[in-house]
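A quick write-up on the structure given underneath.
Every chain is named by a letter (A, B and C) in the order it is written, and numbering of its residues begins at 1.
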Amino acid sequence: MDKARLTTSTPVWLILLATVCLGLRTIVWAIESSQRGEVTGIKWNEPSKIDLVGRDYQSKLILYYFTSEGLESCKTMNNTSLLNKDIVKLVNEEFLPVKIENKQSEENTDTGKLKKELQQKFVVFTFPTLVVSLPSGKEIETRNAYAGVSAKPLLRFLEHCQRREGYSRGLDYLAHAKYAEAARSFESWLSTAGDGTKDTIDGALYCALSYDMLGDNNKVRVILDKTLQNKRYSKDRKWTEPLAELLLGKLDGEGLIKECDRQGYREPRVYYFIGMLELKHGNVAGAIENLRLTEKGTYTSSEIYGLADGQINVINQVNVGKN
Amino acid sequence: MNKAVFLYTFLRLAQPATIIKLVLFVLAIPTALVYPLQQASPGVSIDLEPLVTFFASPVMTMVVSFMFVSSSIGNTKSLDDGEYLALLFSRPLFRSTYVFSKWLAGSLLVCGVIALQLLYFIILLNMIGRGAQFSIGLTEVANLILNAFGAAALVVMIHAFPAKTGVILFAALFYLSFAAPLMLDIIPNYISLGGIDFRDTVKAGCNILRGFMYSPIDVDVYLNSIKVVWLPAISFISNTALYLCIAVIVMDNREFFYSN
Amino acid sequence: MTEAAFIRVENLTKTYGFRKFHALNDVNLQISKGEVFGLIGPNGAGKTTLMGCLLGLLKPSFGTVLINDKSVHDMAVKEITGFLPERPHFDAWMIVENFLHYHHMLAKQPESTAKEDVAQALAEVGLAPEVGKRLVRKLSRGMLQRLGLAQLIVGKPEICFLDEPTSGMDPLGMALVRDLLLRWKKDGKTVIINSHHLDQVEKVCDRVAFIQGGKICSLEELRPAQQTRQVFVIHWGQPFPADEIINSIVQNNSIECELMPEQGRFFMSSRNQGTKLLHDLVMAGVSIEEAVYERKDLVELFRNESVRNRENPKDK
């Protein structure tokens, strides 16, 4: 008699495959759990073992990795994206990686208190969280609850932080009256920026201000242009009170603007600083010369470019049109 | 694989209401993504990689699986709500073959829908002059295909159960996996039995369950990792095999009182 | 019953739920190959459950069901099985031709004959070719029933399970079903039919099982084989003949009889004997009002069994 081929029989190989995989999964999970999420590759530092407070301003950006023992999402990240070779290389070479692992056993210890302080400082309320900060402790960027398997978003996050490094360092230097370092940071940042963000405008102005504070140049031309087509900016409250405007106001109030060729456009409260700004040299109490106001106009799209040290760093040609 | 079941799963998608929904879906998301790009200056370079990754992401495959492919795989009710699987299984058809055919067809449908979206996205990018900035790597394609198979297996399993049992079961497990741990964080931890933290124990259990709900895979992890990482791949394969296994076992043991 | 029963049901029991409702209770049945077998019984008797078990759609709680000595789930059995469900729950979104093509493929029929088989099936069930282009959801109840028959036909089965095949059909449709069944019977197909239309069952079935309360209460032969005894009932006309005349004719024909004043019941092994008997009676000058072979009256059977089971529930 033919062997029965029953239409309701479950293939044995499928049951075996599921069982074997489940068994393997249990074993691998048990092994990885017992390793307590040890991450190889990235050379993590313990916060208690390094000096996070008195770091040199020139030193690397700090990457804080807030994690919690036993959390599946943290383990996933440890075993996937944090093992990506590009990320390992980038973090080890360009950052100071610090791992803050939340452990119950350290609850009342000095280490535990230090970790808690860092969590509070960076407002970390979920794990895993990545925080990139300057050596001074000023936060650049935070990524909360990232637990993806893919490394690409994490890589993009780190590269974004690197791109912003110049701007963030510049501000930090300015705050600490390190004008030379500030100017250089803004300059290097401006040379790679040019994505038309608010920071570019501010960065250029800060660069100019830094140089002026140094008294190295008597003229700093800052020419900024922005397309009028982007209504998004006009709706953003921040843009209605750009830092540029505040700075200009302040500089103007202090009598520091020598020449300002500025043009606003349709919405009177919104100014994209367009024009040439000449500041007095020497010190902040300079004079304003040749203040020139041109009529309103429309502009075709163009690039932001910064100007420092009397050099024009043109990325694109500026096309200026009128209504 | 059964050719009839496979082919007719595709045909099931080609219904007017589903096609309209599908077209709107395929058009809507790329359009929504491209619109802000249009506003940016042409000279400004924009990183399109996150958008490409988004189309090939596990989230997209799950959304497409449940929104569109689910009806092709699982809808076995006639207009008067009568189950027509009874008639199907009176035919010389292995129930496991039925499950595998549905799974295969469903996976290809998911890939097809997302591929259509990507194609439309490329067309739009070219129209706004950003076509050159688009690139899709082999890892994204591999991720799309693998995650489509995983998502389709989950949908097949849910629909193997009779009536709405599968949907209710899945919803309950989904709640336990994702929502319950969050709620446990809100509730103060009063219960501790013999030193064992009740809340953390339950949360750990929920986390384990979450691992069984859906385990996506990223091929990039295996191509660019500094060490071999086994668990995500094994989780993905075991989950997919488990879903299909459960689907086949449920189908094999399912009864059809066809008078209803 | 012969030893080589094609369909064999032994001690079949099907229970549901915690309270163990017995939908089928120790059913034993044997059906020969080529037989047209009817299942009759009141609503909720277990006919659909029995058919479900025969098709492998329901799992017996106890007992066995074998078709050609194989499990009902065996692929070899499924390949020769066709099924018409009681209610036409079909893929409403399909076009009729596609639906039949789908079932043609499912029944593992060769692709090359698909178009021809589909057209032939539509013709056999009395559906016009243009109906083939319509959506299934657009068909009327009667047309759906015909479509159900068509999907059975495209599979070219050897065993046909029909649950209420004439449900929703007009008289022409009923006649069509009857003709189909008689044709299948001639072709040697085994047919199991579940129907409330007793006159239809009477006309086509060889045997009939009366089911009530999950048990087979009686099994009747409607088409006795040539070898078994047939009863010829003759109603006398006026004047009634004398018993001596009848007895001498009966002796000459070597048959047994039961004589009553108004009629006689004659037991014979073949219908040829009946013809000869009639001839002899007429030649003897006997006045005959009516001569008919005794048949099982299913309606009567149905009524009697229902009453009997109601009065003696322990018999169940």
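Structural remarks
What we mean here is this: a residue touches a chain if its C-beta (ideal position, glycine included) is under 8 Å from a C-beta of that chain, and two chains touch if they have at least 3 such contacts.
In this text the structure is predicted, and so the values were computed from the model without any measurement.
Chain centres defined as mean CA positions place B nearest to the mean of all protein CA atoms.
C-beta contact counts were set side by side for B-C and A-C; B-C has more. Subunit A and subunit B, compared by their mean Cα positions, are separated by 34 Å. A straight line joining the Cα centres of subunit B and subunit C is 49 Å long. A straight line joining the Cα centres of subunit A and subunit C is 82 Å long. The set of subunit B residues that touch two or more partner chains comprises 89, 92-94, 253.
Counting partner chains per residue, subunit A shows two or more touched chains at residues 5, 7-9.
Among the residues of subunit C, those touching two or more other chains are numbered 56, 75, 78. Residues 36, 39-45, 47, 49-50, 53, 89, 92-96, 204, 207-208, 210-211, 216-218, 220-221, 224-227, 229-232, 234-235, 237-238, 241-242, 244-245, 248-249, 252-253 of subunit B touch subunit A in their complex.
In the complex of the two chains, the subunit A residues touching subunit C come out as 1-2, 4-9. For subunit C in complex with subunit A, the residues that touch the partner chain are 56, 69-71, 73-76, 78. Here subunit B touches subunit C in the complex through residues 2-5, 7-8, 11-12, 15, 77-80, 82-84, 86-94, 253, 255-259, going by the rule given at the top. Note for the complex: subunit C touches subunit B at residues 48-49, 52, 55-59, 75, 78-79, 81-83, 85-94, 98, 102-103, 105-108, 137, 151, 155, 161, 163.
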